[in-house]
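Data block below; observations after.
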Amino acid sequence: MSESGAEVMARFVGAENVERGREYLEQLDPELHRYILDFVYGEVYAGDVLDAKTRALCTVAMLATLGQQLQLGVYVQAARRQGANEGEIREVLRQVAVYAGFPSAWNALATMKAALERFDEAEEADR
Amino acid sequence: MSESGAEVMARFVGAENVERGREYLEQLDPELHRYILDFVYGEVYAGDVLDAKTRALCTVAMLATLGQQLQLGVYVQAARRQGANEGEIREVLRQVAVYAGFPSAWNALATMKAALERFDEAEEADR
Amino acid sequence: MSESGAEVMARFVGAENVERGREYLEQLDPELHRYILDFVYGEVYAGDVLDAKTRALCTVAMLATLGQQLQLGVYVQAARRQGANEGEIREVLRQVAVYAGFPSAWNALATMKAALERFDEAEEADR
Amino acid sequence: MSESGAEVMARFVGAENVERGREYLEQLDPELHRYILDFVYGEVYAGDVLDAKTRALCTVAMLATLGQQLQLGVYVQAARRQGANEGEIREVLRQVAVYAGFPSAWNALATMKAALERFDEAEEADR
Amino acid sequence: MSESGAEVMARFVGAENVERGREYLEQLDPELHRYILDFVYGEVYAGDVLDAKTRALCTVAMLATLGQQLQLGVYVQAARRQGANEGEIREVLRQVAVYAGFPSAWNALATMKAALERFDEAEEADR
Amino acid sequence: MSESGAEVMARFVGAENVERGREYLEQLDPELHRYILDFVYGEVYAGDVLDAKTRALCTVAMLATLGQQLQLGVYVQAARRQGANEGEIREVLRQVAVYAGFPSAWNALATMKAALERFDEAEEADR
């Protein structure tokens, strides 16, 4: 595998967030940070059998199901970065209502809305 | 929406399973059966913004996260029916280890294996 | 079924909250809003076999079990609106300790307390 | 509180099941058995502010939400013993689809069906 | 059992927190307060077969798995009070990543960090 | 880290189970098998800050909380292998009742009982 964990992570969450994540995670727990780079991104996300957009949308589905709002916001943005449009993300979150219930779908849509607003502002600022 | 709920359901789980499901669900609870046809398939799954293969893989991700093995087996087969290959389904289930833990991923891979064997046998018999 | 989803919803959450919910949900996701009116209230809650007070208390039990505090606050008020008194709601939430653990019961009681204070203030203001 | 935990338990699960439970739980863990008699039934279920039928239906709602099928079967029968009819139990389980997802509702209805068949057979045998 | 529930509770969460807890819980729900003193601490935590440090670390593991951040903060401090050092608590929380997923471990480490800072400040102030 | 993942795994689940696990996991998913050896045991469990007995008991607590019965049976035996006696495991599982509810504790105690019987039979056969 020629791509490093940090490079795979950057493809999903953006290079600037890898850097911010480094600072945050190093002071939180350097071991967890290493696991995320080496195992999560260096192994699990590094596979190329599944395309990156589908991968990101499946992660959105799982995080919404688990009610993990913080990481959900990050992966809604990752899905956009991989080419998913807002309509596709919405369809995934409506499906959450069927499997994990309406409150989970509702909360996830609120998280998605805020995350996309921040994403669009950052895109705007970059131009 | 021109396609009926039963038609959308057939695209995902196969026409023969809509028929079998009808018998089973009618004696279990006719109201739940109606909700599944009219709401789950007639509304949520009927949207065409998200492609059917991604939809099925997101459902696989959610059901594995929730540990719902029975429905997971059905949706592993639905994912294959929509063009996902075994390698792609495996990648999704390895991602489950990251978000919902290793036991959930392990159990889901066992369910996937059994479901794909039944799927291949049925394909074989159809030829 | 002669009563519309919006009318059933109003019986449970109050007419003013149907109106507020409309604005909030329309900008969050118009499809989810439609599902809530047509499926959740137009179908599931519309049945009259189970009395409305028991229905609301069962929803309180489920939301406390799931840790969905936002919706729990709404349904604690719905239970009061359907004639449940504070003592009855407390008994349900103590039962949550047995099935979903003490932290879930504790968190739910805190949500209940805040929701009932807002409910009583609104009642007061209406007089 | 003049009624003992075992008496409260008998009102919900039937005197014969208190006896069977005693044997099973004593060899499983005598401490857990004592907690169930003294705390669960001697305290939580002993309150008389909430009527027993509503209590049992709320427990049905929670156990279905948690996917605890074994205990759900016992409480479906407890709900019947307290005067809930099959239609009321079904309404509660359909509501589970809204808050905990369709797979949870589906599994719970299957458990309910089997539990009610055993309940009716036992009633029949008692005549 | 000669030690009262309040005394066992004080060993785990500190005498000053028993006092603060009393005020908070009495206004939240006096019954729940009594259950916590008599059942949780008077019975479950009162056993002396398992040492108090292991007990506290197991509770940390469970609360992190359940995502109950409020109570997790209290038990991270309880673990320190029983002689667990920061390194041991970190090891437990890294194990959470394996069984309940990385977001649960991440959130728990953030809660741990804040709880240990408050704990050290209080220790400092006591000197 | 001088000890390999397979060696750490053997310390917890027994050398014979590493071998059996190899066959099972290789046909289930070779990647997941590699993650378990390299990440779970080669990294997370390899740390020596926390003693092995406490580690195993914390895993028992987490698996009981999650209702993962299959892996719980394996870790009840791992806890015994690391020097925990039956009484200590029971205390952990009674604590599960407080945080994850009585049904989870009950189910876990049943799994523990069966796992300890198999463990004792194997010990007997080895003599």
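Chains here go by letter, A, B, C, D, E and F, matching the order in which they are written, and residues are numbered from 1 within each.
Operating definition for what follows: a residue touches a chain if its C-beta (ideal position, glycine included) is under 8 Å from a C-beta of that chain, and two chains touch if they have at least 3 such contacts.
Treat the numbers as computed from the prediction; the structure is a model and nothing was measured.
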Set of chains whose contacts include both chain F and chain A: B, C, D, E
Matching chain pair for A-F (criterion: over half of the contact pairs shared, by residue number), options A-E, C-E or D-E: D-E
More contacts between chains, C-F or B-D: B-D
Chain D and chain F, separation of their C-alpha mean positions in angstrom: 32
For chain A paired with chain D, centre-to-centre distance based on mean C-alpha positions, whole Å: 41
Where chain B touches two or more other chains, by residue: 31, 35, 40, 44, 47, 63, 66-68, 90, 94, 97-103
Chain E partner contacts - residues on chain A that touch it in the complex: 28-29, 31-32, 35-36, 40, 63, 66-68, 70-71
Of all residues in chain B, those that touch chain C in their complex: 31, 35, 39, 43-44, 47
Sites on chain B touched by chain A in the complex: 40, 44-45, 47, 49-50, 53-55, 57-63, 65-66, 68, 87-88, 90-92, 94-100
Chain B - residues contacting chain E, complex: 98-103
Contact set on chain A toward chain C in their complex: 67, 90, 93-94, 97, 101-107, 109-110, 113
